[in-house]
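You will see two complexes here that share chain A, one where it goes with chain B and one where it goes with chain C.
Showing the complex of A and B:
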């Protein structure tokens, strides 16, 4: 009698959506697909004889966007950047580059070749991120297609098939088959709010059958969709064995795999040819002489509604700038440690924003061993701490390549507690479970813990402490930080967005702030409702 | 009481798998993923003083593969090609190219730019087609990722939402949501052959919820996966309305969309940079002086097991070649019209193979209007005769592009009955239902009906007349045509494969024939079973 889970038990499981929903929402990296409703800035040109002075703190994507747009409109812009290069988290690592992790600085030793790079921060551009794509076009950044899901890549879970890696196609095809069988056998139409007519019912069943590739009688007997065991071209194809469904249920990846191809990774994805920081270069090429590097901001003070005074240090010297406007993408938790005269609410908001953690590592591969396995780009998933292995979609057929060997964006940050040697050794040992030849193939590993990177000490901003969204109090703080302090100081960056960790958000934060400045200049009210007096 | 389709009625529908299965199997273009079990040829080098003479009839992919491999091994190869260029159905159309349709020749008037081409035959290389990829690598053919499914492209069906095109993402997300709701509400575990333990049941429910992005209580209330109505970056995102499920059931595309990402279009896909015929050029570069064009084969006769005699015409002159071996990729239905002395079984087999029909058209677009709609590559689907619109994955951000405006591979060949003007006008009129601006945007249309193309008069070979596979008699004929006539004449091409319409099959047919020749030369039996005497 206890052969099956009872209906009551199942209903009880069905009620437990909390845990599942939490998991589903946990990943910013596999997030949602917001649509823009921030207007692209239309900035009135300024009088060349009387150019407003703008100081931009931080040369990340939001700072660069602000500088680029205001410079075009004739503003007198200066960007102060703490690091020796611009881009912030939009960072591509190549031969000779410094990874400036506090306490664990590394120099990248990859071969010096154009395709041998690692996008340590953002690595994907969804085709729905219109503003970022507009800048790529405008700045001449050449794009190529990025591969996210690859059915030929692996899924490996110690609990499933005794830990043997299996092809994503086998998981997906079997899961779809069994799910379709459940649907086709149980579907009566009663579960829908609306009745179905004969045609609609037939259409649904037809879709269900196609979804799962069901055999005669609506059972799943395996599918050639995941390939033949042998034959198929000259000889007749012999179908592969059906992946055991109960094995698939041993892994959480059923959920992962079936949730794929939706959300931000659903649209076509791009990467810039040669590295994500080609976007940064596109901006900096247009801002020659206007960006100052290795600059430590010492104070940011409002001048009674009449501009902002910034002091900073550079090579042991102190400097002061008076500006009409300040746009500030310094992470707010670092900004609170810099002298300022902001009011308490503003500082409370800055302090409230938490920072996500994110860890990535990468290796140079001596040969493109994954290509021998029909893998070109995409992701293998594993239940181990490394979580993912990414294969480069570019440089196909070349001798070597750079692969992502670990990507931890919320799994307890196991790696950051380890020494550099242990980080790499762990990644190699775990990678071997997916690719037995891994240890012999990978070398010159690098690691990046964004929450320990100098000048950042944090990854994506996080506003809501509860997964259900912002509380009223959080909403108040969020709106406080979006408003210009003293009408002249704007916080920018993904820290004033509800969709952090994407470059599009950084760009839109800049657009939002610029639009607000333009409105204030024109005397257009920025208050909700109609202006009465 | 008649609000719902009754369970009996549904069971009756479920039983009607015939029609559905037929549709599912109908498309060669969305076919299966066979795995190779033909060995890559290992050809013993021949004595340079005594090079066997090989004549290859037809310079399609199978003929070129044969010539390339045998030439490398020292054979004295000659390729006779009927057309003025090699490649067969591997054809890329550019400015000035002739489309040699019988009765409807056209010269392509696209702008003369590297990205302004149309792959009129094969246009996708699955990453599982190892042999083709091996040649791309060996021949220096640069590859780039091809986009097949694009969630930002459209689905348009006159029956659905009053014919309004809707984004693929909206269809997919809603369909997944409703399917998941059906599963979650009905699943009891009893439909499975094996019992589930608590963990497995939880795992399955979790996967179902993730698949459909179900809300609390396991109902589908829409999902931000298909984007927000507005907001989502700086402002909170407001979810789009749920696509009405009963509208989705009005279209056959539910089946199409949900069956996507499996089979031959499931793996990562490639296209050669600059056009599919870069593969042809890769081969012909290696065969300089060995391919003769505009050659009409007049006779193919076996010399009593001692080779093959071929006569042909070129520019009004007749010629004769004596060869030790002949490899022949002339379409078998055309070959039966050429003088020969093959035995009756061989000729019966040649006559038996039918030829598929396929029609494509393409337009030059004055602007890349689809990119304004977040579409970069991929396919829009419509229930109209044009069936599909393909957007180029290359040339992103350039001024113009070439789009596929119709792809009919089994819909009754509506277009081929029409004049060239009517073909293009119909495609424009139908394209307007997907893109209202279509008529203003497209120009310089071309059309290609493969079953009417000179020297081909047919598309992919088709062996089985019944969708259940080959009959015993068909199997006999299939094996007959795979054997060398007189031990010296090999038919090659996808016409001796069970997976026609893919270049991989053409390549493997060549490998199969070469391997057979090598075995016979070494005295290795090619008969099944063990050789006794």
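Showing the complex of A and C:
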């Protein structure tokens, strides 16, 4: 008879047999951990004769979201943006574009064709980022599938197989095969068949076998999942040799490769057709005449709970602007250099946030050489400084393509410190270990060191100083900066989230701020003119 | 937060409801790299609006720096006398920022920064100002008894400077990362000058004293 196993029993069972981390993961899977939710803003329309004035500082995704939503509801919005174009980190580079790195300005010389672009900042949209996807639909931004993991792409590590690149599929099948073998062999059932009934135990064992594609006797003898050495269609396929498991243990890649396809980098992922900044254009099309470029905010001061005064500079002239509300996505580490009259707690919080680091580079490829290698989209991994090579999922079979030649995320200072020539030479030299023909194939390289990009000087604000996440003190600082200064000035952007480096977080920070403003505003009159009593 | 000492004059005032003039388009045109605009924008991103300084980026206040000293530092960074340290990100970032400036551009920037109003310096350190006063006796020879600097000796004013920035500089001088280059004549003098300080505590103490002169 099947014994009923409750969710909680199953969790405690996993807890007994495995680590506590397994319980945490499992409980999310079963939907016991509540998902935090920010409501999509529902903004009461304002009286056209008495429109609150809103000044939005910075045309990043969060600033644009705020302007778009408040403009729809009838607010009088203005966006002030320091760069000559909006989007901030949401930046796509095409032929003729300037990469405004401090001390290393570059003009992109890619061929001028729609598929020849590089997403220098965000490149992936996870299918779970509902609010970003909602805007794509609403703004008419056409999407296509982005390929993150590709089993035909390579894995290369100097410590493994003498540094020879091997196909991701070979690593994956071998790793899974050997892991499954160990699991199946240890599956004597002693501990397990007590809490699991026989049916469940069999089900688990067969999953283990299938996970590793085990042969008779629960041994791993290789798998056609990594493809055939030859044949397979008209002639019988000859299986490839098994990638030596002991080689895989020499590196970190097994862990990385097996984890890559999960969470926010797991399928399904999207990208806008023609470049990530199509999202920015979607917003700016709706905000015609409301965004001012080349405008550098110079001071932000609260007027005794009665609005905000902002001064800015444009082409050497100074201006002043008064608004009822201010939404500010200028990176906090740049706000610390902008004159203001915020209170000490707010400033303390602003000063606490650390600048993140990120680096990307890209090349134009003279031919789509990767396609000859059965690679269409996806990522090759290497233990070298370039870490990753990305192949474009779009433009299949065209003459050329743009590939990402290095992506150093989270510690992107190695390349940042090099000269442009050294950056590109390093990328080519290291790329050659993955594709021997690389040097002849790539040209017109560009590099983007976010730590040095003008008006950004960083990526992905960091609140936590250690790996275990925010301390109570950090949580306090975060909540301080999330609250509106003087009830009127909101910091927004992915910096006001616990999950920076995603556009969804930037959008949700804007939604949070808008909702808060609406809540505080419920006293605001819907009648024309000023309320006297 | 520091305040501009005298309030700025605005060339134009207008409120949000008045008409904005339309401003430049969406995209850069193909730019001639040599003509990159040297507006205050380039410096302000790191040094704060009108050079008020930004401790998080590590750019000290520039407003109020003596033009002769400012010029020499820009030349020094350009020549890699400064900013060439390994693993000192603030110095490296400043170095690349000005590495391509021509002599004319340096002149231009220096006269532009001269229009920025001096700001109150940041006082973030605590130390023993009495001990600092004694230590400062050796500094006074070059930086002046009131910390106002001495152009003839090439020593800049120390009043008006952010203490966190000076603390970093004193450490760089001590380790020879600044003032270690034989071509950096003035840096070498200061390197000799810093020998009077033996410890981090001395640095805090002397800066605590300098803070009292502001």
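In the analysis below, the second predicted complex is superposed on the first by the 476 of 533 C-alpha atoms of A that agree within 3 Å, B and C clash if a C-alpha of one lies under 4 Å from a C-alpha of the other, contacts with A are read in each partner's own complex, and residues count from 1 in each chain.
One rule holds for everything that comes next: contacts are C-beta pairs under 8 Å (C-beta built on N, C-alpha and C of every residue); 3 or more make two chains touch, one makes a residue touch a chain.
Computed from a predicted structure; not experimentally measured.
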First (chain B), second (chain C), both or neither touched by A:455: second
Touched partner set for A:90, first chain B, second chain C, both or neither: neither
Partner chain in contact with A:330 - chain B first, chain C second, else both or neither: neither
Contacts of A:57 with chain B and chain C, given as first, second, both or neither: neither
Of chain B and chain C, the chain that contacts the larger number of chain A residues: B
Contacts of A:210 with chain B and chain C, given as first, second, both or neither: first
First, second, both or neither for A:78, with chain B first and chain C second: second
Contact residues common to both interfaces of chain A (with chain B and with chain C): none
Interface residues, chain A side, partner chain C - complex: 53, 55, 76, 78, 82, 84-86, 96-98, 102-105, 107, 284, 289, 292-299, 311, 313-314, 316-323, 332-334, 336-342, 347, 351, 353, 355, 413, 417, 451-452, 454-455, 457
Residues of chain C that touch chain A when the two form their complex: 1-4, 8-17, 20, 22-31, 33, 36, 39-42, 44-50, 52-57, 59, 89, 92-93, 95-100
